[in-house]
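Presented sequentially are two complexes of subunit A, the first with subunit B as partner and the second with subunit C.
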Partner chain A sequence: MSGNTVSTYNTCPMIAYLIRRILYAVPTLVGVNLLTFALFFVVNTPDDMARMQLGIKRVTPEAIEKWKQQRGYDKPLFINSATGGAGKLTDTIFWQKSAGMFVFDFGYSDDGRSIAREIATRMGPSLAVALPTFLIGLVVYVSFALLMTLFRATALDMAGVALCVLLMSISGLFYIIGGQFLVSKLWHLVPISGYAGGGEGFKFVVLPIVIGVVGGIGSSSRWYRTIFIEEIGKDYVRTARAKGLSEPRVMFTHVLKNAMIPVLTGVVVVIPLLFMGSLLTESFFGIPGLGSYTIDAINAQDFSVVRAMVFLGSVLYIAGLILTDVSYTMVDPRVRLS
Partner chain B sequence: MSLLKVDNLVTRLRNGARIVDDISFDIAAGETFALLGESGCGKSMTALSLMRLLPDGVVNASGAVQMDGVALFDLRERDMREMRGGRMAMIFQEPGLSLNPVMTVGRQIAEVLALHHDLKGAAAQQRSIELLDQVGIPDAPRRVREYPFRLSGGMKQRVMIAMALAGSPRLLIADEPTTALDVTIQAQVLQLLRDTQSRTGMAMLLITHDLGVVAENAHRVAVMYAGQIVEQASREQLFARPLHPYTQKLFAALPGAARAGQLLSAISGSVPPLGSIKQGCRFAARCDQAWARCHEQNPEWTAVAEGQGVRCHLYGEEGGGGKGKGGRGKGRSGAAGFPFSLISFPFTLAGRRPASALPDPQRHPAACGRQR
Partner chain C sequence: MSFMPVMLWSDALVFLLLGAGGIGAWYVRRHEHLLLPWRRVARSATAMVSLLVLSLFLIVGLLDTLHYRAALTGKNGAETVYSPEVLSVLDKLVEPLRIHTEKTYSAPLALTLYAKESMTDAQGNILREYPRLQYGGTHLSGASQRVADVVKRALLGALAGLLAGGLLVWIVRRRVEQRAVLVAILVFAVLIGALASLAAAYHVLGTDKVGQDVLYLSLKSIRTGLIIGTVTTLVTLPLALFLGVAAGYFRGWVDDVIQYIYTVLSSIPSVLLIAAAVLMMQVTIDTHPEWFETTAARADLRLVFLCLILGMTSWTGLCRLLRGETLKLREMEYIQAAQSFGVSSLRILTRHIMPNVMHIILIALVMDFSALVLAEAVLSYVGVGVDPSMISFGTMINAARLEMGREPMVWWALAAAFGFMLVLVLAANLFADAVRDAFDPRLNRTGS
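Right, the complex of A and B next:
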């Protein structure tokens, strides 16, 4: 991987590495786009979409044609043999719907609204739920895992692992529905669903956040515990103890920093994806975020929105992977990007 | 008065198997005491018992350890931490794995300085550089800011030693300090340990499976087999006249110039599994001088000469005296190691090439073959 680029950019191999990774992202995104397009139109035709949008009954062929024409679905899918030259490829649905996205021009949804504006307004509600869930979750999972590690091989640790397995074995849907039933319906503590901006919104997001955190405890804490326990058996930990350090000091200054390396792999990659929100949680709690936007678009067969969200998700995921690589260089002095 | 005194130490697994069985020895200030034995014989566990750093599932069952007059097993954990790294320090076998990979060398040393000398900031940095300089690391002011992965194995072990010295310990426990290093580096590190010891006057517990290392460094030696000390002697006594059949066989297994071209002799059989021997001598099955009594009765510790003792029926009052006629006779004729030891003693003492007398099966599957 290094080789030629190092000699060209040897002043700053990290920047060179990042540029190369961003360039690699372009073919990936083209592929993602192509796949989304193919999958969508394997099960749908533009006619189906029009009929769906206009209402199934009493739709005249003329109305369908008009709908298709207005939204640019009256062209062939991939290859337009009617025109010559570049138009053969560019004057198609695929080109018209995809090309703009590479300059982040998402176009309009089928009901005529700007997708970019929708994304901008819906990102807030998505983040309002996803970011606290992520941050609180991380603190809770790591603390719980550390607790189990400090008490490893005792009854407390066993009970913790058993609890984790139990929590892992329950479907995420159950937490949502069960939580809504208990907290909202029986105890009337917070509204079942809905959203409001500002401080008013707190009562709407608190339940989704709690449920999001609880739903992840099982798998995450168990995974972190495994990492910590593996780390604590290593020789340098024994050295640290032989220095006379107390067990909490050993844990926090030695073990935790080393354990962060594998933990980062799973954690940093999802940070950009927080903007996308959660499909399930947002749908169930009526949060007007990007997750529910995607679900609604799929239900409405709105291709423009679906492909925009898949594209955005892919971009954020790639960004997460690059971010992970960069974060490695911060926690592990042995890693150099080049 | 001895600096460290270990009395009847027993360390066992939770299931009851004794991995260190009734061990007693003492070390005087400025002295190097070697614990010699093959891997799995309990020498590292002995060391970890002294530090009270046994791994999960291993416990100190009984016995007493006095360090500088302080009974270690009676200390609260908080007071024990004062001892660890302060009055007694430890270095380990794999310097590559024993240093924290994501912490600079300087910070790892400074941690000890902060704990045991209350030295922080620039003063700690200055002292860390001094320590690195002392252990022979060139360009210490630069190295102090580097991470362990930038250093070679020998350098890492030097850092470990610097870290151990940072607490100004009275006792240094060196657990196979040179096993993971190649031969030329081994000699340098051992030299460094000797120099440090003569400068600071600290005592050293040297754990090794290498008779060459013992020959060059130890004042006194205890030979361990299957969790017990089977023989204890001064270095001169041990190399001049090994008493226990196991020790004799170890010497017999040494390669030497006088035996060039011959097959290396090995001790037949293998170490008994943990806790498998309920009665009798643990070496009896592999011993060609064993008789019925060896399989029935656990031999008691017998002092044979001033400073030399052995756990063997051949030298016991009853076994050696009138009763065990065959045993006694066999014992004399069977001091098979004796003539060999005369050959190997100058060889190992000369130290041209530390001979791995005890092939460590995990680390050196071809150790015997490698030695010439």
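Right, the complex of A and C next:
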């Protein structure tokens, strides 16, 4: 990754690099698919699923067959020995259910709706909460961490760290339940749960956003503080101070810039995952996003939806990893794509 | 015999962990260079106070791990029949808390139930009144005496606790360096004394929907939390250690395969992976009721599986760290020297590499503990956590969450679960910090 020579930056290696990384992602996604497939089908046979959906008792074998046929679960799992040639592999549940995923054709959920359309409509509400939480959170955490670093080894810093440890020891559920109780039930400032698009939606998303930001202060600010403190011990900082620069100047122009590199590792990778929303926040606040979609699917044991979400999550995570590497080359000239 | 000892799967794993911990401690005690960082931990007052808190939780958890089934009396002469209910030593110790169940909700230290009921008085009139509790505060004749009695009992209990704590402090005074630890012992002794004295006559933390004492539920939850936080490491540790070190040391195709496995695992959002695995486990358990003799055994197996699944999803981070560290170590001169002397790979790995990555493992494990305890509550809320019949912080919160809408609010079960969890996780976090500070070689330590 890192080389001694300064890279001659042009777009060609970047595109070649991206193509290679995307090709590398394919076997990983196949693995993800295989794993989820095995988890769902090897333990839980299509017969079990049919019985679960149709009701355990008084279900005729014919009804099970019909259910399986409607959803394409009547084929063999991995290898179809009844047909010849390529059909041996393609005319199976695994192929039929997986191949489409790679072109984002997710099929239908058990109640007959198109999963792709559900995902497209639910992405908006998820982003409406997750994106502001992420951006405001980043600013708050970094500022708080900078403040602690600026006053390091003083009572203020100690109190800040103690506060962080306390905040990160509190269960995330407490922030949500406590926040809902205090703001919505006692003070009647915003509705307890629900969602609306456009400008009206503001009153629904403001509490989840605030709670999301507060819930992350402890661990994130502390993490950034560690990075900043480590950065401050480096030689170039001493040089900057020796030149006679003021402490805030050192912090903001030198330390902050250089600390961006480790900060990026943790931050960029989660950006694509923002689309997935948050399971807890969305289900507590009744936001019709992808997080609550996933929870509903888990509770209803809707295999197709869970698998689609797993696949989507993996794709976004891998996209995050690639994005991280690309962003390195932008902030750190020593890093070359290879 | 009037009881039959029962060893659940999780009990066995706890004892295995205790044994491993014991051997580890014995080994460390014999080696001064290994003992050195622990001495640094012991010098930190926060670490020692946290350790005290953790030990209290650990004692409760261990008492709750010794399980047995009581013999049923009545059939004289016939073969002894054991109760299907699996109890623990803790259940026996706090038996009044366990069996004194009320009808439904009651507030902490209350004399009456939470809701009014219709009653007929001596004259035959129908009244809407708060019925008195069956067990809480029955020795009092009226609500007017309650405050005085609570204060009196609390003070007496605190005094007894103070005496016991004072005795303990006097015994250990020369072995403990920090005054803070001695003060903490006194504080906890006073608190426990007051709590125990009150618990004998009241429901200190109230009762839940089916009238169970919330204090009892909280005490039982401790074991579940501790098991999730510790038994999971039994899965994480070997996987991360062997795969991480092997990938870093052998490189080549071994590295490729191991990297592929952990990229696949870590690219699946962990909640989804856990959910999928737990759902599958549930189906398997539901379709095989004949595997389990008691409901406790079923709930317990589900707990063990949950630990297994959590372990399977959480080893990748540590594995990546260990791989990176091993990649660095294998280029060191002493490893190259060992290689050129013809020392076998296995020996290099066990003698030279593993001891040098131990600090990473230790730090990761203590840091993971608190995250796992918190994760249990979230997973139980999502519906993929412990068995609903198993008492845990997650199930307590889940049950109490629905009662927030009531007027007046039923807050005590939530508060108890969050409070106990906060104390446990805070102590674990503080202790983990001290361990990290003492073991991390990157921190410069002048003067130690």
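What we mean here is this: the second predicted complex is superposed on the first by the 319 of 338 C-alpha atoms of A that agree within 3 Å, B and C clash if a C-alpha of one lies under 4 Å from a C-alpha of the other, contacts with A are read in each partner's own complex, and residues count from 1 in each chain.
Methods note: a residue touches a chain if its C-beta (ideal position, glycine included) is under 8 Å from a C-beta of that chain, and two chains touch if they have at least 3 such contacts.
All values reported here derive from a predicted model rather than from experimental measurement.
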| item | value |
| --- | --- |
| Which of subunit B and subunit C A:S314 touches, first, second, both or neither | second |
| Which superposed partner A:Y236 touches (first subunit B, second subunit C, both, neither) | first |
| Which superposed partner A:I227 touches (first subunit B, second subunit C, both, neither) | neither |
| Subunit B versus subunit C as contact partner of A:A16, first or second or both or neither | neither |
| First (subunit B), second (subunit C), both or neither touched by A:L245 | first |
| Partner chain(s) touched by A:M148 [first = subunit B, second = subunit C, both, neither] | neither |
| Of subunit C, residues touching subunit A in the complex | 260-261, 263-269, 271-273, 275-277, 279-281, 283-284, 287, 370, 374, 377-378, 381-384, 393, 397, 401, 404, 409, 414, 418, 421-422, 425-426, 429-430, 433 |
| Of all residues in subunit A, those that touch subunit B in their complex | 152-153, 233-236, 238-246, 253-254, 257-258, 261, 331-334 |
| In the complex, subunit A residues that touch subunit C | 27-28, 31-32, 35-36, 39-40, 43-44, 48, 52, 165-166, 168-174, 177, 180-181, 185, 273, 276, 279-280, 283, 294-295, 298-299, 301, 306, 309-310, 313-314, 317-318 |
| Complex contacts: residues of subunit B adjacent to subunit A | 51, 53, 55-57, 78, 81-86, 89-90, 92, 94, 97-103, 111-112, 115-116, 147, 149, 160, 163, 167 |
